[in-house]
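Here the chain labels run A, B, C and D in written order, and each chain numbers its own residues starting at 1.
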Amino acid sequence: MKRIYFDHSATTPVDNRVLDAMLPYFAEQFGNPSSVLIEEGGIPHKAVDEAREKIARLVGAEKDEIIFTASATEANNLAIKGLALANRDKGKRILFSDIEHFSIMNQADFMRILGFEIDFVRVDNYGVLDMEDLKKKVTDGTVLVSVMHANLEIGTIEPVKEIASFLKERGVIFHSDGAGTSGRIPVSVNDLGIDTMTISPHQFYGPKGIAALYLRKDVRLASIIQGGFQEMGYRAGTENIPGIVGFGEAARLAMEEMDERVQKLTMLGRRLWDGLASSIDYLHFTGHPKQRLPGHVSFWIEFVEGESLLLWLNLNSIASASGSACASNMMAVDETGLKASHVLTAVGVPPEICHGSITFSLGKDNTMDEVEHLLSVIPGIVKRLRDMSPLYASFKQQQKEHDK
Amino acid sequence: MKRIYFDHSATTPVDNRVLDAMLPYFAEQFGNPSSVLIEEGGIPHKAVDEAREKIARLVGAEKDEIIFTASATEANNLAIKGLALANRDKGKRILFSDIEHFSIMNQADFMRILGFEIDFVRVDNYGVLDMEDLKKKVTDGTVLVSVMHANLEIGTIEPVKEIASFLKERGVIFHSDGAGTSGRIPVSVNDLGIDTMTISPHQFYGPKGIAALYLRKDVRLASIIQGGFQEMGYRAGTENIPGIVGFGEAARLAMEEMDERVQKLTMLGRRLWDGLASSIDYLHFTGHPKQRLPGHVSFWIEFVEGESLLLWLNLNSIASASGSACASNMMAVDETGLKASHVLTAVGVPPEICHGSITFSLGKDNTMDEVEHLLSVIPGIVKRLRDMSPLYASFKQQQKEHDK
Amino acid sequence: MPGPYSDKVMDHFMNPRNMGEIEDADGVGEVGNPACGDVMKLFLKIENDRIVDVKFKTFGCGAAIASSSMTTELIKGKTIDEALKLSNQAVAEALGGLPPAKEHCSVLAEDALKAALEDYKKKKG
Amino acid sequence: MPGPYSDKVMDHFMNPRNMGEIEDADGVGEVGNPACGDVMKLFLKIENDRIVDVKFKTFGCGAAIASSSMTTELIKGKTIDEALKLSNQAVAEALGGLPPAKEHCSVLAEDALKAALEDYKKKKG
């Protein structure tokens, strides 16, 4: 059976139009853009320039506000480390939201070695940042705050504009990880009022191995990778030309097809949400019901373990993701890392029952038939797993006794 | 006229066999290798594994001693920062050779901010590390030494094995930047005895945007980019799958065709060297005459400015590189960065006359006809530029008076 | 499909052996690993010191389900003494190996078996 | 070919105007920028306060050669007063612009011209 890919939060396939744009830059226009004085360097140099322009346009920025990196992870590292180091005269205190991605969260130790202090801002049960908690925690000496634009595990879109406006008043620098939003929903860095934002093309049909950090003009940033004079000195290393060109083309297509894609995803997502709600009991949606990414449906099911559900969906040709500890730490070297997702814990799902979390993230090429197929197979899988579960058995037993 | 590419030190075209190997991983096998539980993740996961194996084999390492990065620059940054931070209990003193690439050199300021002390080890006029100076400068508290395997501007191959053996005795960690050697000449990390080595596939017909750091087992390394659990925790971020696959294939081909390539380059390089020596007066070769990269010929010419020579060669369809300050800093934002190459200065070329430096770096697909063509056009260009030079005029004048 | 699980694990995950409950079990063991969320329950029917029937119910990941299933196969028909000798390594091996992060699942299966035998001894007095 | 230099710069680099020396020049100016290694030498033939002939020799990069060449074109036939008003910006503009890192080359050309005129005045006494 043809695979049904509902895991666009993990990554997306490269659009064929994007790949076509990249192809000339491997074997033909292979030159080093730093070699501007020879013909071989000229065309790649221009290609990088044009791609930068397209990406800037996607998020409403200027061309020279875009810094290429190898991944969203690197962009997040450049933002946190680079902003903190370059502005450390302003303070040593950094705040992360409780639901940041690992590529923000796991910098905490390194930042502490550099002499910074990290504190965390709470979210509510929908995963929305708690503004009161933020206001309390932005004390004097706070130099930097990082709140992602949208969380890819639970789909919630954060009130970034409101946060930015508060932080601007307080003179605090604001980084937002836009890996889940830019290229997926309309993003305007000026409207949002952020200082830096991560942009990740493999989340919108662009290639892996390339990403960018938007850096507002006249915000100071230190580099974390030093060397040659590429990327205005913010990030050294010979450019990944095909990657950059593909990124640019993916950005152009995302902008051109944005409305169409969002509309379709909204519709498919709504059907999926409603279908699940009506066919599976003891199912709990995660994230905000309205302020969420289109085509993103996430939930956990009582008495169903996430990895098993994911494996059964996979056997039924459906690709999904699970925040289940077992699933997401599968490749850990040992079991010490087996913790329930910090995101689910942060939104108040009790750790002992959140192992059934599943995320369906739809993409531009999914169809209603695929959604209907998913809805037709999932109840059977859930039943099967519950029938195996000793927890469900005793719950049913209790229920029976209660009903008497 | 067909272009003649003699700038393989800057970058190389992707081999078509490499590109073919990469192609399935953009739009078809696009999955995220971290998603091991779904079918989409399985094949990319395996592909990364196999590529890692091929790269390990190229340098005689074990598979789990290879850490992927986005560039040689990043690998050099990971090595210096990561080794220094993870081993700072051993000391705070770091030594660089005087001719390291910018991606080592320009880390000095950052390392000083982290509390390290940087000192530099001299090279002789051939660019070979001065062992006596090294021995003098490895004092107590020296934690790390970085000496590149070969310099791509002057072609000299460093006595890395000798350096490694001395440093091992002294318990000092040794990083060697192999961007100029691995994939080009036979490299065995165990024979050399180094602790870490940078490997850069766009230097041997692999893609840009991907590189690796070899890390000897049980050498401690800190990460500089934190996030997910990729690369055994040493370097986070979703993997650049096509890049990694292409890197693996380029490594396999380099190993398979190594002897053939080296032999051809040695022969072409020798002809080019001899041809230049016999047809252009006041030409000075740079680097070591024997201990050098095959197919690499570098020199400077009195009374000829490098950028102008390079531009004229380019107009004659020949791509080369110049260490000329004007050429290599072309894209600087202003003229403050206009300094003669630190490499040429280090090998004793007087800064005021080293502006004529040119590097020809040949590749596997170059031909003897191309070499002969170069040799046929370069004397005319040199004459033309000298005729324009007021320096040459007064030199000739002096000579005439002297001869009288 | 290449994946972290062996074919054996996937087979037992998809077609678990001896899944269910024994109403009048002679020994029942229930163990759980709260860190990972797995819960295993093993039911034994014992006659003349021999395990004549065994069933399990498991809430857990693929490795947990496969480990439970494999354990029931390995002990069915065995004497109590023989069953007590079953190690988690044996379970993992019989499954063609488990990923490092999943080895605790076979430990859990061993623990469930021990708990059920304990329960049997206690009940027997 | 897209590159850092304008077509005008490349034209003057490839076909420099007024390259050479004037044996019996009325004014000669030689200036150099040791940081970059450019050296420019300008020869003027002056009659009735008017530049009737001009030649240059330059050791330097593309921008340096083009700036020298363009300067000779711009001042040929001009009076000394007119020539003294020539700014480096005018040279760069006439060349269709120079990359930021190369702007000093046009300054060098202006300096060479000033030096040559200075020399002329000195010689004239």
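Everything that follows uses one rule, which is that contacts are C-beta pairs under 8 Å (C-beta built on N, C-alpha and C of every residue); 3 or more make two chains touch, one makes a residue touch a chain.
Keep in mind it's a predicted model, so treat the numbers as computed, not measured.
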{"item": "Shared chain contacts [subunit B and subunit C, defined touch]", "value": "A"}
{"item": "Farthest chain (mean CA position) relative to subunit C", "value": "D"}
{"item": "Interface with more contacting C-beta pairs, comparing A-C to A-D", "value": "A-C"}
{"item": "Distance between chain centroids, defined by C-alpha means - subunit A, subunit C (Å)", "value": "39"}
{"item": "Distance between the centres, which are taken as Cα means, of subunit D and subunit C, whole angstrom", "value": "91"}
{"item": "Subunit A and subunit D: spacing of chain centres that average the CA atoms, whole Å", "value": "57"}
{"item": "Separation of subunit A from subunit B, taking each centre as the mean of its C-alpha atoms, in whole Å", "value": "35"}
{"item": "Subunit B, residues touching no fewer than two other chains", "value": "36-37, 39, 307, 311, 327, 329-333, 337"}
{"item": "Sequence positions of subunit C contacting 2 or more other chains", "value": "4, 62"}
{"item": "All pairs of touching chains, each written as two labels joined by a dash", "value": "A-B, A-C, A-D, B-C, B-D"}
{"item": "For the subunit A and subunit C complex, residues of the former touching the latter", "value": "303, 305, 307-308, 311, 315, 324-327, 329-335, 337-340, 351-353, 355, 387-393"}
{"item": "Touching residues on subunit D, where the partner in the complex is subunit A", "value": "1-4, 62"}
{"item": "Subunit D - residues contacting subunit B, complex", "value": "4, 13-14, 16, 19, 21, 30, 34-41, 57-65, 99-104"}
{"item": "Interface residues, subunit B side, partner subunit A - complex", "value": "3, 5, 7, 10-16, 19, 22, 26-28, 30-32, 34-41, 69-74, 76-77, 85, 101-104, 106-107, 109-110, 113-114, 202, 207-210, 222-229, 232, 236-243, 307, 310-311, 314, 319-322, 327, 329-333, 337"}
{"item": "In the complex with subunit D, residue positions of subunit A that touch it", "value": "36-37, 39, 42-43, 45-46"}
